[in-house]
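Scrolling down, you'll hit the structures one after another.
You will see chain A twice below: alongside chain B first, and alongside chain C after that.
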Partner chain A sequence: MIKKKMIISQETMDVDFVRKVEALAGTSVRRCFQCGKCSAGCPMATFMEHPPNRIMRLLQLGQWQRVLAGRSIWYCVSCETCTTRCPNTVDLASIMDALRKLSWDSDGASKESYVQLANKLFLQNIRTYGRQYEMRLAAVFNVKSGQFLKDLMLGPKLIAKGKLKMFHSKNKNISEIEKIFTRIEEMRKKGDAL
Partner chain B sequence: MGKPLNYSYYPGCSLHASASEYDLSTRELFNVLGIGLTEVPDWFCCGATPAHNVDELLSLALCAKNLELADKVEGDMAVACASCFSRLKTAQHVLGVSDVKRTQVEKAIDAPVKLDSNVKHLLEILAKDLGLERLAAAVNKPLSGLKVACYYGCLLTRPSDVPNLDCAEAPTIMEKVIEAVGAETVAWTHRLECCGANFTLSRPGVVIQLTNAVLESAKAAGADCIMVGCPLCHGNLDIRQKEIEGVYNTSYGLPVFYLTQLIGISVGLGADKLGLDAMMVNPMPLLKEKGLL
Partner chain C sequence: MSRIGVFICHCGENISRTVDVERVAQEVGRLPGVAFSTDYKYMCSDPGQTLVKKAIQEQKLSHVVVAACSPRMHEKTFRKAVEAAGLNPFLCEMANIREHCSWVHENREEATVKAIDIVGMMVERVKKNRILPTITVPVTKRALVIGGGIAGIQAALDIADCGHEVILVEREPSIGGHMAQLSETFPTLDCSQCIMTPKMVDVANHPKIKLYTYSEIELVEGYIGNFQVTIKKKARSVDEDKCTGCGVCMTKCPQKKIPNKFDQNIGMRTAIYVPFPQAVPNTPVIDRDNCTWFKTGKCGVCQKVCGPGAIDFEQQDTLIVEAVGAIVVSTGFDLYTIAEKPKGSPIKGYGEFGHGKIPDVIDGMTFERLASASGPTGGKILRPSDGKEPKQIVFIQCVGSRAREKGISYCSKVCCMYTAKHTMLYHHKVHDGQAYVFFMDARTPGKSYDEFWRRSIEEEEAVYIRGMVSRLYQKGDKIVVMGSDISVGVQVEIEADMVVLATAIQPQKGADALAQKLGISYDKYHFYSEAHAKLRPVECATAGIYLAGACQGPKDIPETVSQASAAAAKVMALFSRNQMEREPIVARVREAGCVGCFACKKVCAYGAVEEKEIRDRQGNLIKVVAYVNPGVCAGCGTCQATCPSKSVELDGYTDEQIIAMIEAL
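== the complex of A and B ==
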């Protein structure tokens, strides 16, 4: 987290970034008038250094580096309470998605490694198998995060209850999913999508 | 009897693994109620939270692809998982209001997007399409004396303009459905609070804290059990309950049922047809005490 004093000036305000966030999220950052309802209802606010309403204020002031430098956006659990309660219809949950995407793309300093790792493995599984396989997801996550013993006692119980499948198959139409991933990558290369 | 009800069924990934009892009890219950379910052929993962968290376009494209696949099966789309339900409804909403995103998604899936299909959560089918009267008429073992805490969690009702299942802040659909089959419901504070959802993998400490608050609230309200309509809520409340009891040095002992399991009991389905043995918190003592099994 950047501790130094915040100076608001033409030089430190990056409004282009905020416009990108607004385009991705399909909502307005400027509409927020700091009532704080989003932070009051946020179940994760206590884990964040910038609660949701402060993230909005920092964005309005063009101080996005401060937002991405922190872990707040990776602690948002996408419960949609903020979006539901905003009196100015700011879709804050989508703004969080947009910020995570921009941080993810820029390989930014704010990477909360475990959350990122879980997301990455989840998407890899979809690309490879077409569906999610929880056993594989959990096992690979533990190995890659170095937490070999995490939930170790839970695994055998879940298998006994039939809740974790040891084997899985690929979708028959798996080539279609690869095409979707590839087309999106191509669109981004050509600049047709953010 | 009204016209026959038939749906294209989208179970979602969890129902083929950690929530297999939700899948089983859904199929068995709908069979008894005479509601037809045909599984969407070769459905894909909806992308869930990880996809929209870092790549909205991918999330929208995966959902649009599933809507296209579901279109091949007759009937509205029946969705069991609250997260899949939320993603599919969000995709329809976003693609309906943004021409830019719709064009991008159509390019990504190389097909026109289907926005007119009705995506319905199981609750909606039971409460509205079948109707509470017909549901009540199918009951042969009313859940009388069972105090149920209905847990909505996040995605069944939020945000207000997307799922359109019920009011986002004061929903009653779960209570109505379970009261129709004879159960009592309790008023409690945490029915709409988040359980921590998919942080169960990456940040279990957060889940333990949030889920404990939910369990504590249900217990304080005098509930015998909790009813859910989401595999992630179920995973956190049921699978992690023992661990949470250890961390907070307390005892809840609250069985966590899927809505289809509880309703299944009321229409006379046996434990083996509802996957009750898959629950981590054993529901048998409670059900025997109430004379339900």
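== the complex of A and C ==
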């Protein structure tokens, strides 16, 4: 979590980013008046370093780096309690969606969160092998996230139970899967998909 | 040939910022019939008006067009100035180049061209204006006040003290309104009853005040200075002249378990009742829906015990017509409830707070009744469910208010202050208890108000938590409050014994229906609209009708009383004259053309159209034509638009004038 002093000026408040969030989420960021009702009901708020109302506040100030650097948006489970309860009809759950999408596109923004890294590796594996290759996923994740020994002791147990294969097997229809990926990529380029 | 003077106003920069006023003055100066044209920074100011007057005299002007703001704002100002310079005021017209032009456009060139068109149209129109004589009407110096809360009481007393008769109409069996329900009042904590009841008694004893309680307005006809009002006096079943107010009937009535609305339904009353012991008048009413006699034809105990024989089961509703010259509307407010609302209603309830089904989740007014020494618990704070004293009490502000998702986006203005008051009253009464308040902002502008709020925290030790509550639910005999503290950034949970909701202030039920009877406007929430938010805050746009209190918007007592006295002052100003002038913008029938179909009579909302017989010299009836009573006509022009033979014309808005405007384009 970034704890540095906030220097507020027209330059440091990224209005364009906020507009992007608003366009993606179809809801207003400025409308939030910080009542905190969203945070009061959010089942995941205790895990987030920024509870939902504070995500809104940081966005209002255009401080998206502070939002994306944290893991809050990845803990959100899209239950939509916040959206239902907000007295101001702010669709906060959609804002969370939009932030996850924008975080994906902004390189390295979510350093502190390994969720995004895990998601990216997960999809990469699917694209390469046509199915998940858990051993590789775990190994690459540990290397990339710099925690080489993470959950190492779990490995043998999982292997014993046949849950973790040493070698991968390729999906026969890999070309079909590749088509799906390229199609989505094209759609995203054109702006037809998130 | 007309000699028209055109005066273009800059309105500071409001107009000149987007409209090239000098060019407008030059171009309209060239129009046929225009003898003089100029521009000036503030035409409505004293030098501006002098400029107009001087030009009329020096240039021998025949007509005047002032191109400035909306006629709603300054038409009167300029017509007066024109009159002072010796012209008939109705030879002056305004061209609105502010609201209709500079405020709604950005492109200077286009706005300037449009302004020239607007002024050009008015130039052509004013050429067709005729001299209109002012109409004078007599003023009935009696006032009607609708609603007997503190607003109505104050207005009635002020007007009556000035020597004018007042008719005060109250829907409930007693006057007093919400203030009579309050325990102690912020910011001084004086007892509400103690400061209220003497005023109620003054109303009852005032020789100039005629009080109709348990009555409603049925019909309003007429216009400023001359209203006819029909009042429905509901059957009380008790003869007011005979009843001495001894109350023996109430002690003997067997129907004892009827929830008393005055006590927010936590206290009980009998079928024959006064809402509270200090009621004015203290004549009881029989609630026919709950009376054994009216339900089964048996009982009649009250009749048997009543010494003076005042009980009258046969009494009927009666209609009374009163003539008044002015009306003060002071129908007050109602409280929002969190109950489930009907499908499709723009206002929603609070499912997350249990829709009002958790017994110990109450509203602020119920807390007032619990805290009131004359309330159902004798001033003890006790839970409705089991009568225990709550040791942990949670207050939640802004319930319903400031929540557009629930259908209300305004702030109710009084709840921050009364919640602070409630925490104090609670701590005064429950010494080992703790009060918590969930709030977003503390809105405490007002004399000694913020100090009052701070006292509740610093001296009375209420714990304020900045954040709202997501859910309330019953767990055993506790209510779990799931909130958040946004200053700390964490969720907060409190197991409370009782929860008090500061629910929104809404207009009275039926406020819209009354407004339609009165012909006054209201906003989307049904609060009554003032004529001008800043400069005419106590008058309605409908002449002769004034507003006081919470019916116009949320207000506390000091503000309500100030507005009531202001409304009274307006009424007194009206009553200071025997006659009043009214605008001669009235419809006139061209009798030669009228075929007597009376389509106009059917559409006139003011009942101004009468039938008139035309006879020859021998007295033989030739035909019956329409006649518009200029005293009653409101100048709406509906008849003019309806007449199939084009025989009605509205003075000041004749077809000739309108067509001249269109042709100028």
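A few remarks follow.
Operating definition for what follows: the second predicted complex is superposed on the first by the 98 of 194 C-alpha atoms of A that agree within 3 Å, B and C clash if a C-alpha of one lies under 4 Å from a C-alpha of the other, contacts with A are read in each partner's own complex, and residues count from 1 in each chain.
Keep this in mind: a residue touches a chain if its C-beta (ideal position, glycine included) is under 8 Å from a C-beta of that chain, and two chains touch if they have at least 3 such contacts.
Everything numeric here is computed off the predicted structure, so don't read it as measured data.
Using the contact criterion defined above for the overlaid structures, shared-chain residue A:Ala193 touches chain B, although it does not reach chain C.
In the overlay built on the shared chain, the residue A:Pro87 is in contact with chain C alone; chain B does not reach it.
With both structures placed on the common chain, the touch criterion links A:Ala118 to chain B but leaves chain C unconnected.
Applying the stated contact rule after C-alpha superposition, one finds that A:Ser175 touches neither chain B nor chain C.
When both complexes are overlaid on chain A, the residue A:Leu158 reaches chain B alone and has no touch with chain C. Of the two partner chains placed by superposition, only chain C is touched by A:Gln34; chain B is not.
Once the two complexes are overlaid on the shared chain, A:Pro51 sits against chain C while remaining clear of chain B.
In the superposed model, A:Gly130 lies in contact with chain B only, and not with chain C.
Comparing chain B with chain C, the partner in contact with more residues of chain A is B. Overlap of the chain B and chain C contact sets on chain A: residues 81, 85.
Across the complex, chain A is touched by residues 352, 398, 402-406, 440, 466-471, 482-486, 489-492 of chain C.
Listed in rising order, the residues of chain B touching chain A in the complex are 13-14, 16-20, 42-45, 47-58, 61-62, 65, 86, 94, 97-98, 101, 104, 107-110, 154-155, 158-160, 168-169, 193-194, 196-199, 201-204, 206, 210, 239, 243, 277-280.
Of all the residues in chain A, the ones that touch chain C in their complex are 33-42, 45-46, 50-51, 53-54, 81, 85-89. Interface of chain A with chain B (complex): residues 24, 26, 43-44, 47, 75, 77-81, 83-85, 91, 93-94, 97-98, 100-101, 104, 114-115, 117-119, 122-123, 125-126, 130-135, 137-138, 141, 150-151, 154, 157-158, 161-165, 171-173, 176-177, 179-181, 183-184, 187, 192-194.
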